[in-house]
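Multiple structures follow.
Next, two complexes with subunit A in common: one pairs it with subunit B, the other with subunit C.
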Partner chain A sequence: MLTETTTVLPRRRRTPLALGLVLGLVALGLAVVASIAVGAKGLPPSTVLDALLHHDPADPDHLIIWEVRIPRTLIGLLAGAALGLAGVIIQGVTRNPLADPGILGVNAGASLCIVVAISLAGIDSMTGYVWFAFLGAALAAILVYGIGSLGRDRATPLKIALTGAACEAAFRSLTTGILVTDNATYEQFRFWQVGSLAGRDSAVVTQALPFLIAGFVLALASPRILNGLALGDDVARGLGQNVAAGRALSAVAVVVLCGTATAMAGPIAFVGLVVPHAARLITGPDHRWLLPYSMVLAPLVLLAADIIGRLVAQPGELQVGIVTAAIGAPVFIALVRRKRVRG
Partner chain B sequence: MSAVVTVQRRTARRTAIVTAVLAVAVLAVFLLALSIGDFPIAVPDVVRTLFGGGTVRDDYIVLRLRLPRALAGLLVGLAFGLSGALFQRLLRNPLASPDVIGVTAGSSLAAVLCLVTFGVTGVIVPAAALAGGLLTSVVIYVLAWRRGVTGHRLVLVGIGIAALAASAMSYFLTRSDVRIATQALVWITGSFARVGWAEVRMAGVFLVVLVPAAVLLGRTLSVLQLGDDAAMALGVRVERVRLGLLALAAALCGVATSVGGPIAFVAFLSGPIATRILRTGRPGLASSALVGALITLLADFAAQHLLSGTHQLPVGVVTGAVGAPYLLYLLATANRGART
Partner chain C sequence: MRTPRPRARGSILALFLGAVLALTGCGSSTEQSATEQPAAPASGQFPVTIATAFGDVTVPEQPKRVVALGWGDAEVALTLGVQPVGASDWLPVGGDGVAPWMPQDKHYTTAPTMLGTLEVSAEQVAALNPDLILDTRASGDKARYDQLAALGVPVLSIPAGGEAYATTWQQQLDMIGKALGRTTEAETVKNDLEAKFQQAADTHPEFKGKTVAVGSKTSGSYGAYVNGGSRIEFMERLGFIQSPQVQALADDSFSVTVSPERMDLFDADLTVMSPIGVSADEITNDPLFQAVPSVKAGHVVVFSDKMISLAFASATPLGLSYAIDKVLPMVTEAMAR
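Right after this comes the complex of A and B.
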């Protein structure tokens, strides 16, 4: 997979890459504006600009923008960035091109914990979900990686993917076990489960922000570790890195990022899988570029998917999780067919 | 040489004894399911009723109310056990079972579409589920085909398809009234509560064809186990036999799912449990099928009588609650041996 050593990039590659990143940011800015403007009630850019600059609480258009569209866009931005970074790290640490929080059972673990919270503890707000989503994501990640890396040949892609799928099946059957006996919990849960940016409170953003910042800092500090791990544990150790500490730190970053993103938007599969691959096509294997690129491209994809979902099913809308799965699953299968995945 | 023969003979005798014991246990649980309920009927009376000599009351309770459900449990369990063992041996992976690699996900999606979107019920739902499962299997096989099909590619493609189906399912579930959605949720968890004679008859007709075919073609499994080259040298048309067995396994799984829903872990765990009892290192087909039937009948018995009053759990919840911890234990030990 990652065979090239790129500790020092030649200067002539650095400029186009930086330009590309700026271009990505511009595209992301356009997506943000589109996400605020497009919806059940189309608003012209002038109104959007007006609402942003001179907020008038009496104007219903401004109310839509501030109460509905902006929180939604913010959640898309943050959750997207978190999923993109988590995807790069999880693929780098496990040296597994097919790793993704959705496939590895992390989302299912978060779901199970949230159902338990709704059903037993009577938690009914998005702000309350966050903690339980965290706990579930962390436990699931530890369990899947722990079980998947037992054995002589360590964590191969197939073993991790199978363990993830098996644990997911286990979590899901426990989740449905609670849901079929508890109608009220199911009524709440099914709308969280589908993965959506809509209907989330802006308080969720404030609550998640400290965790996200911690996760972003950890993630953006990790390219050296990830570049080292890509060369194999022995080489990384030879380069003077503390491999075990690096792995543990990256794992913490993944759990924090995935847990927060899942808590905010519900289980969204495949963004964390597809975006790092797309970014790698542009940047090559160097994580110092791969991480920022994924951090910009993933929210772009998520916001685009959300806008598509709003447009194709009018007057209703397709939840973003459905759109990303519809785009992501074919890409996943194409990857399986193309790569010589280690069995 | 004589030592080998002795070991072979001992394994054969053990297999025969274990299979016989399992068959007796399945029969015992089957009769128990017919005899216990709101109106208990003694086992001798149940047997007499089955052979046509019961009272009017016993006839009604045993033949009309309890027999379809017990038969459904028996047939579905047999089919799931057989299908799981076939998949696990063909893909040479103890963790590759139809509920992991997306075959049952296709059935569930078709059933959810019927129940939620088109609002139909009755025999159309199992028929659609069967069609959905078979169609999904074909899609998975075609997508995994690249100059032949390797086990791990099939598994990974199946996981992708399963994720896609799951996401489509959760979308359709949000688009309906919560009561209909709950009904669909019970279906995709697996339940025998609605099963009547029509479903049992349909499953019976299919299984009468599929089970003997699987047993006949399954004889080549031990040759396939030697590896493709060795099997070819022994005169087995490897690709064709493997495709035939995969198709049979998918069909068995589809039939089972169409009757009872994708009951979690039955297909997954029957093979490994049979392996452990037999101590042969790989699941025998007959014993896996019997273990599947035993698990399903026991779980449905528990699902009916665990909660007091009118509440009944779907059988899939029981198998899930018992199966999940066992599965994790199994994953831990299977990986330690690195037998993949």
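Right after this comes the complex of A and C.
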């Protein structure tokens, strides 16, 4: 995969890839429509349309559209796009195709910070969790990147991966330590711990939006850096890139994207890991295509998983984090076996 | 930690409770114990044998060092006048784990060793040198039982045919009363509570036959209680009947999760909601909750006082007694709206 990387694509591949991207966008649009039209309570299309066009706050069915389905669709779109991009970048930066944002300790850091916030500060709302999740994700990534950069050869992919794994384990132990000794905190935390698009206030979206836009811009500006890094540090340097700066910038993008997605929806497994692989099957290794493709496919997967979750456990719902894990794990194994992922 | 313990209020209530119990002390007992003992042995008549999910357990002589692990086990032992040497704080009230509705004379004179709730260290239990382990309302998990039974002490797990955490207050009272040789006291406590429920229902004939939907909100989702769990039983004792549309959802658990899209399920003659780990505002301010017809009409009780919702959920005799005092006026008011 890595040795095949070229920074210039033959012209004839561009048209089908662009077409594919448009198709992906159409599919995503359909998923958005489905996400607003389908749910635990069956609403006829006319009601859905009516709710969208003539919102009546006194009508419980209209409230379902505006208070439940639209916010969670928005969160699914944004968090999905963020996870997809973050997955591509982290795999590119660490040159580790099995990497996902967990490798920077981002999820574990967010969890730890939320648990501390619940336990010590009595934070008990989703909108309150956002900031602590974000803080935790950022601190974790800074710590991992900082420790990984110590020593003579700076931040190599291997050092980052090892540091990340160690910190992830440490954060998890601390989190578990607090949870087993504090029942009340456990009660609250366990609902955040499984990623979900439901029950999140639309205020969460407003809070997260500026961060996400910054993250999207950073991510979509990084294909050249990632293509360079994919060739190896020496070649990248030979191409005139500042490897350390490029890697640091990408890490910032991952923290912002992943931290915000985690803050909004809780830890959602496999989307950031599997989607870039699926995208790579279509696009090949060029990050100029890989990034936009992942940005479109990941929210598609996330919304589809969320819709499935709403339908299979009625009158309750299955949280999206459970669905993505259930779907993602076998897909991932199949991908690894078929493509013989190389590191 | 987030719940400061209202000590002063607790002791005032304790006085009040004592008075109420004294006044209502003449009830009639209808329920017979489920064990095969022909007559309940009086205090001091040991050995006793009690049927549990893991077979009959024999307590050879009156226990002196009781370790209470199940939800409410320590409170029931205290209610019967026995002080456990080790206890689990299921209601996270902190300190010695005694709920504020416990009267002063039922508090510990010597602080017990506080043990974990979901996870229990067998080593810690062994160190307390117990002669009886109570685990009557717990997971009823075989591995947990085996670990405790390995200490060579009688272990009272969930009752025969019981479900995890679904032991009723009557079963719990009955089992613990027998094991501690306090059957007379247990009988009195039971009769008192039965009478108090009966009196509440008698003074409010307007509740009779009205439907109630009992639910909770956690930080993750809404849930509806089903299958006659303790919260449903509480409302039924007041004369209500479980909402049929909620009961229709029942599987083998005592609650089902309810999608925010299906809030219509909570519509009944009365809607009762407990916040669990969230503030009551998160329920009352939820536009979807406000749109439920019974809620819109004011036929709704949302427990904003954590102690009340803990008592409502406690399924212990004194917790339920406290809940009657607190919940009854709220229900009366909501039904009158």
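Keep this in mind: the second predicted complex is superposed on the first by the 297 of 343 C-alpha atoms of A that agree within 3 Å, B and C clash if a C-alpha of one lies under 4 Å from a C-alpha of the other, contacts with A are read in each partner's own complex, and residues count from 1 in each chain.
Just so we're on the same page, a contact is a pair of C-beta atoms (placed from the backbone, for glycine too) under 8 Å apart; a residue touches a chain by one contact, two chains touch by 3 or more.
Note that the structure is predicted; figures quoted are calculated from it, not measured.
Once the two complexes are laid over each other on the shared chain, residue contacts for A:P57 go to subunit C alone; subunit B is not touched.
Residue contacts after overlaying the shared chain place A:P210 against neither subunit B nor subunit C.
When the two structures are aligned on the shared chain, A:P16 is found in touch with neither subunit B nor subunit C.
Judged by the number of subunit A residues each one touches, B leads among subunit B and subunit C. Contacts of A:A326 after superposition: subunit B is touched, whereas subunit C is not reached. Contacts of A:S125 after superposition: subunit C is touched, whereas subunit B is not reached.
Once the two complexes are laid over each other on the shared chain, residue contacts for A:V180 go to subunit B and to subunit C alike. In the superposed model, A:Q314 makes contact with subunit C only, not with subunit B.
Common to the subunit B and subunit C contact sets on subunit A are residues 180, 183, 187, 190-191, 194, 319.
The part of subunit C that touches subunit A in the complex is made up of residues 1-3, 89, 92, 116-119, 218-221, 223, 249, 256-265, 276-279, 282, 287-288, 291-292. Looking at the complex, you find that subunit B touches subunit A at residues 93, 95-96, 99-100, 143-144, 146, 150-153, 155-157, 159-164, 167-168, 170-171, 173-174, 178-179, 181-182, 185-186, 188-189, 264-265, 268, 311, 313-314, 316-317, 319-321, 323-324, 327-328, 331-332, 335-338, 340. Contact residues on subunit A toward subunit B in their complex (touch as defined above): 98, 102-103, 143, 147-148, 150-153, 157-159, 161-163, 165-167, 169-171, 173-174, 176-177, 179-181, 183, 186-187, 190-191, 193-195, 269-270, 318-319, 321-322, 325-326, 329, 332-333, 336-337, 341, 343.
Subunit A makes touch with subunit C in their complex at residues 39-41, 57-58, 60, 63-64, 67-69, 119, 122, 124-126, 180, 182-184, 187-188, 190-192, 194, 196, 198-199, 310, 313-317, 319.
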